[in-house]
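Per-chain numbering from 1; labels A, B, C, D and E assigned in written order.
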Amino acid sequence: MSSPTATAPNYELIQQDGLETSLLEVSMGPHHPSTHGVFRMDVKLDGETVVDLQPVFGYLHRNHEKLAENMSYLASMPFTDRLDYFNSMTNNWAYALAAEKLVEIEVPERAEYLRVIMAELTRLVNHISLVGFFINDLGALGTPLLYAFREREKIMDLFEQASGARMMCNYFRFGGLRNDVPEGWLDRTREVVDRFPDFLDEYEKLLCENEIILSRTQGVGCLSRDLAISAGITGPMLRASGVNYDIRKVDQYGIYNRFKFRVPYTDDDVGDCYDRFMIRMLEMRESIEILKQALRDIPGGDIIGKAPKIFKPKPAEAYARVEGPKGELGFYLIADGTPKPYRYRVRPPSLINLTVLRDMCLSQKIADAVVILGSIDIVLGEVDR
Amino acid sequence: MSLEPLTLTDILIATVPLMLIFATLFAFTTWLERKALARIQNRIGPNKVGIPCTRIGLFGLGQPAADGIKMIFKEDIVPRGADRLFHLLAPILALIPAMLVLCFLPLNFPWIKNIQGLVKPFMLDGAVIFFFAITGLNTLAVFMAGWASRNKYSLLGGIRAVAQMVSYEIPLVLSAVIVVMMVGSLNAAEIVKEQADEYWFILSPWGFTAFVIFFIAALAETNRSPFDLPEAESEIIAGYFTEYSGFKFALFFLGEYIAMFAISGLAVTLFLGGGDGPGVTMNPEDQGLATEAFPGLSAVWFLAKIFALIAVMIWLRGTLPRLRVDQLMGFAWKFMLPLSILNILVAGFAWHAEQLDNTIITVITWVISFAVLYGAASGLNQLNRGKVRPREYKYAE
Amino acid sequence: MSHTVGHEPILGKFPGLEWDEEAGALVVPAAQAAKIATWLRDNDAFLLDYCSNVTGVDYLEREIKEKVTNEAGKTETVIRIEPSRMDIVYHLYSMQKQTGPLVLKQRTNREQPEVESLTPVWRSCELQEREVYDLFGVNFMGHPDQRRILMWDEFEGHPMRKDYTEPFDYEWEPTPHDEVLERHQRGKVIV
Amino acid sequence: MTLLGSGIFKGMAVTFRNFVGSYFHRERLPTNDYSWRTEGSLPQHAGDYPKEEGEQLRDTTTVTNYSRNFPMLLHDGSEPMDTIRCVACQICERSCPPQCIYIEKSTEKKEDSSGKMQFYPATFDIDVSVCMSCQICVEVCPFDAIVMNSQFELSTPNRFGGLLLHQGDLLKSNDYYHKIHPEEAAARDKRIADEKTAKEAKKKAAAEAAKKKAEAKAGAETEAGDEKKEVAE
Amino acid sequence: MNEVVAFWILSVIAVFGALVAVRKRNLIHGVFALLVFFAGLSGLFLLLLAEFIAAVQVLVYIGAVGILLLFAIMLTERVTGDDDRRVTSRGWFWGLVVTAAVFVVLLLPAIQQLPPPKAAQTIDPSVKELGHKLMNPYVVTLEVLALLLTAALIGAVTAAQGVRMPKEEDSPE
């Protein structure tokens, strides 16, 4: 493996003879339609070409980690919902995993299955909406996005029935789940899951062969394999750069070893926006496979294991990570014997995937910068914390 | 050419109904577009605003009126440091040429007969050329708006608009040249007459190619998706009208839709037989007017065809993402321009073949020209596409 | 299943390297961090090419009560003062071998925290080390672009430190339980 | 070689199908009017809205049977303050993550619905501008006194007072709870009843055991007493 | 009567546009004023029933030349000048004299009450006639012009392309 560069290469401005041209500095954001939140890109343009780009964020910073260090372990759970507000279920899971590592609670069978179901439904929600937003960044008038939201609505209904809330679910607990799903929920979920591939077919027909989308995304924002590994890129973005690394397979947390599923990845070392988009499309099909198996095999029984009444772990350190829809979501907890964590750290996949934004955007067009940002899939709640 | 004095009545008859009709159609089209886009996106669209003070929704038909009232009463914001004069003039300049070219459309409204004086505008010998000349002024308005706003996004939008409009005007005009070649006249009424006598030009291979090129270029000229780069929302906010609000914005909006009508009207005139249709007979000797089953039928046909084109525009807008700047230019210069030049050659040969008046030769010509044009289009597409194609992915167990 | 990386082979290679049993982490002497990190990345036995998580931990000076068995065989409680310190924690994984994690810690003092930046070794440290600099005030030597990342440039202090106190008027927002509400209700302040 | 522009035409076919489908298939239109609905049974989930004539009634109680919004306090009987379940133990106040609950304990006790003397909250405020509907207060409450409401129409012209819900606003009867969250309420009532019977059974058992013990003891004592008496005599 | 009114309106617009174009130091304003002048001129052509020329005037001068000027201005450094500063140079007197002389020469036929040139009446203003004229007697001229313009176009493209080429090392002479 060659040593990747520490900093992104600089764009060489072609100095023209006689004609003096100057760079146009544009501050894209924090209020820009396609920065996916309060995110700013300080862009220097040579005509329409991006010469320099600096991501600026922190507008949504609320020091989530400090807040969590000043309250009990359980009280941080609803705050994890608000990290990546598209995927509250996987955020909950990562945090619960870390806490369970600290005190070693046995999670009941049914709860494990429901966790997998919730996480995979979340992945579907995230990927369809992300693809919708991504095509929106490409300039479509929201049609794919609204189709995605139409389907997301059905999954959100399921979340609401299970947990009471559509986005801020706060459903996981240390050692299991907060409550069992209501009667008939599994049947409704089966129905949604069974009909989801029809929607995916329609979606692929709409997007995957469209010449404009192909030409807009292929060869745009290329990320090489070495750089992706070195920069700690995770999730679909890493697999789009040609690395077969899925924490569901590597760590096999929860009960992922019981399910038969495949991990899509590319073989070539291109890693452009099209790959990222397609990997997400393909991942959804695999999530449906997992969901079908989980819904078939789910047993009855308890929903929460024997957790201590007051959660007060002995001094220890734990780092747990899950394969979130956006990448590796890790929680690092240091307990000191009190009911509050001594150190609580979130490893935000969105933030770390932003490391290479500048590298990917240089000498692309300004329209591509927006598309590349969209293909990274960031949520500012998680980037800024 | 008669040179009777032009009276004020004549001018009013020629212009006022036209402006009223198209302003109403504009309002209706905004409603139609919102409604159709909503349905394409599985929404309901505007459905609340109907008759005021009642609960009658009328499918939201009151929405344009409500929008208009809102626009008028909105605060008009001019950024500090903007060029106030040009900021004011730009929306007006955007509207005037769009309105002006409407009178070059061969619309046979019944009251047109009452004009006593000068020839009808569409009977001008250079009506088509005039049309292109005046449509081109729109570019200036867009640039003016972009420059006067003193906003980087606006400036980028203005520059994009100028580059795009200048580029796409060439295929636009070159595809219109085919019709002019076939008819041998720049007179709009004669073009319609020729189509009514022979066939609509869209039905021939070269005519179809020209129509497609014309339609694509028209999309680009009117900044419609997928060529809406000057006002690309996801990239440069709203491009040249980022800094416009209130009534000035409404004027831009109006100008854009009127330009849509105008260019669709030209497409109808050139390729879709104008006001020709069942129950209509064209007789240009009588100043380009038509004999109709009932008065205004040909105008209804004409407007129906315009709306068919606009429906396609809305449909495209609901489906397609946007091109990138370099791809946009590449598409104009590397695909549309060579194809339209080839099309002129094909049309020239075909014209001579048709002069022979032999059915077999005509059929062969049509087949050959279709093959040549389709082959050329595919070849150009392949050349431009490069390595862009769907890919295969691997799976790890 | 992921395999944890054995730390024993590393300990002998570099002098000054310690293994913290309680935390399960390798404690790296500050001056050699980049060297050891590069070795861990490139050595075929480890190939830790992926640095997942970088963070700081701030330990204040604290008293620890410990039960110690003294020479006479009696247990007695001894109060030991643990000095304050600052830890920078790196969680390392190997993507090629699919192993991990190996926890790497750099230790430094709280007052003038300064460690070697590992950004030249793993790009993923770039933003995370900036974050540690921002929130903990740790100076990373050799970091290519060390600026505040989440807080604004004019911000003073490092909020993740345990002894950080919020300034009085920091983003003050009136809530119904404030005195502002009283004044509002009395009609003196129009908020 | 594929047809020129076939991808675009395929996409257009999809949008056309959706355009037409939105007129015929109800499920293609996810947009629903949440705020206007007829009386009757609550929909299971958001897609099930009845669209009928005369939907004039404005009911802002709930969206679905499962939604949660902000907490409310339960009381059992008709008179809210007399039958309030809350005993002002302040556990919820302490465990609320955003610290939006404010409780003042009463100074003297009074009877609750079961006739037991209990403390009650003199003040119970929830600042819903801060509350994040996390439901942790519901989980920690040992008395089943606080549950989640699902009323969503909370807009108010007053930025401060309007969003600070006082005890009076928060108190809702158990019947109301059954109306908005039937399944959950039934389960909760069942659990309370079970606990109660279990407790009573335990109490009974304990009482019986105590009785037996007492009897045995008394027996023993009487015997002993007799012996004593005998001795004394 | 109508024609006279129209003539005066158009003339005033044209002259006003020309004056502003000369006087304004803001280049963009100047260009747009110039375009107003062109528009007035086009209107005057229309009054003379030379509609093809009018259309071409709009198409070429406003559409093409105007945009070209705007692009050129985009490359200059100071677009907006100071409007308050005097624009006139020291040679203004001689400029005035020359202008007056030209004006008088133009007016001479009117002053002398000469009959207008006959050629003006024989030209058929129809587009078809113009086309035939271009294609029959003047076809060689047209082709030569077209060739020249094509050459200019290719030259421009080459010149623009040259900029993108890598800089060559300065070789010592």
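Everything that follows uses one rule, which is that contacts are C-beta pairs under 8 Å (C-beta built on N, C-alpha and C of every residue); 3 or more make two chains touch, one makes a residue touch a chain.
All values derive from a computational prediction rather than experimental measurement.
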Pair joined by the larger number of C-beta contacts - B-D, A-B: A-B
Chain centroid nearest the full-protein CA centroid: A
Centre-to-centre distance between chain C and chain A (centres being mean Cα positions), rounded to whole Å: 24
Gap in Å, rounded to a whole number, between the CA centres of chain C and chain B: 63
Chain C and chain E: spacing of chain centres that average the CA atoms, whole Å: 72
Separation of chain A from chain D, taking each centre as the mean of its C-alpha atoms, in whole Å: 33
Where chain B touches two or more other chains at once, by residue number: 40-43, 318-320
Residue list for chain D, restricted to those that touch at least two other chains: 8, 11, 14-15, 18, 28, 30
Residues of chain A engaged with two or more neighbouring chains: 143, 147, 150, 206, 209-214
Residues of chain D touching chain A in the complex: 5-8, 10-11, 13-15, 17-18, 28, 30, 44-47, 64-68, 95-97, 132-136, 139, 148, 183
Chain B contact footprint on chain E (complex, rising order): 1-2, 28-29, 32, 35, 49, 51-52, 54-56, 58-59, 62-63, 66-67, 70-71, 74, 126-128
Chain B - residues contacting chain A, complex: 37, 40-43, 152-153, 156, 160, 225-226, 228-229, 232-237, 317-327, 385, 387-391, 393-397
Contact footprint of chain C on chain A as seen in their complex: 1, 4, 6-7, 57-58, 61, 63, 65-66, 227, 229-234, 243, 245, 250-252, 257, 315-317, 319, 321, 328, 330, 332, 334, 342-343, 345, 347, 351-352, 354-356, 384-385
Contact set on chain D toward chain B in their complex: 1, 4, 8, 11-12, 14-16, 18-19, 21-23, 28-31
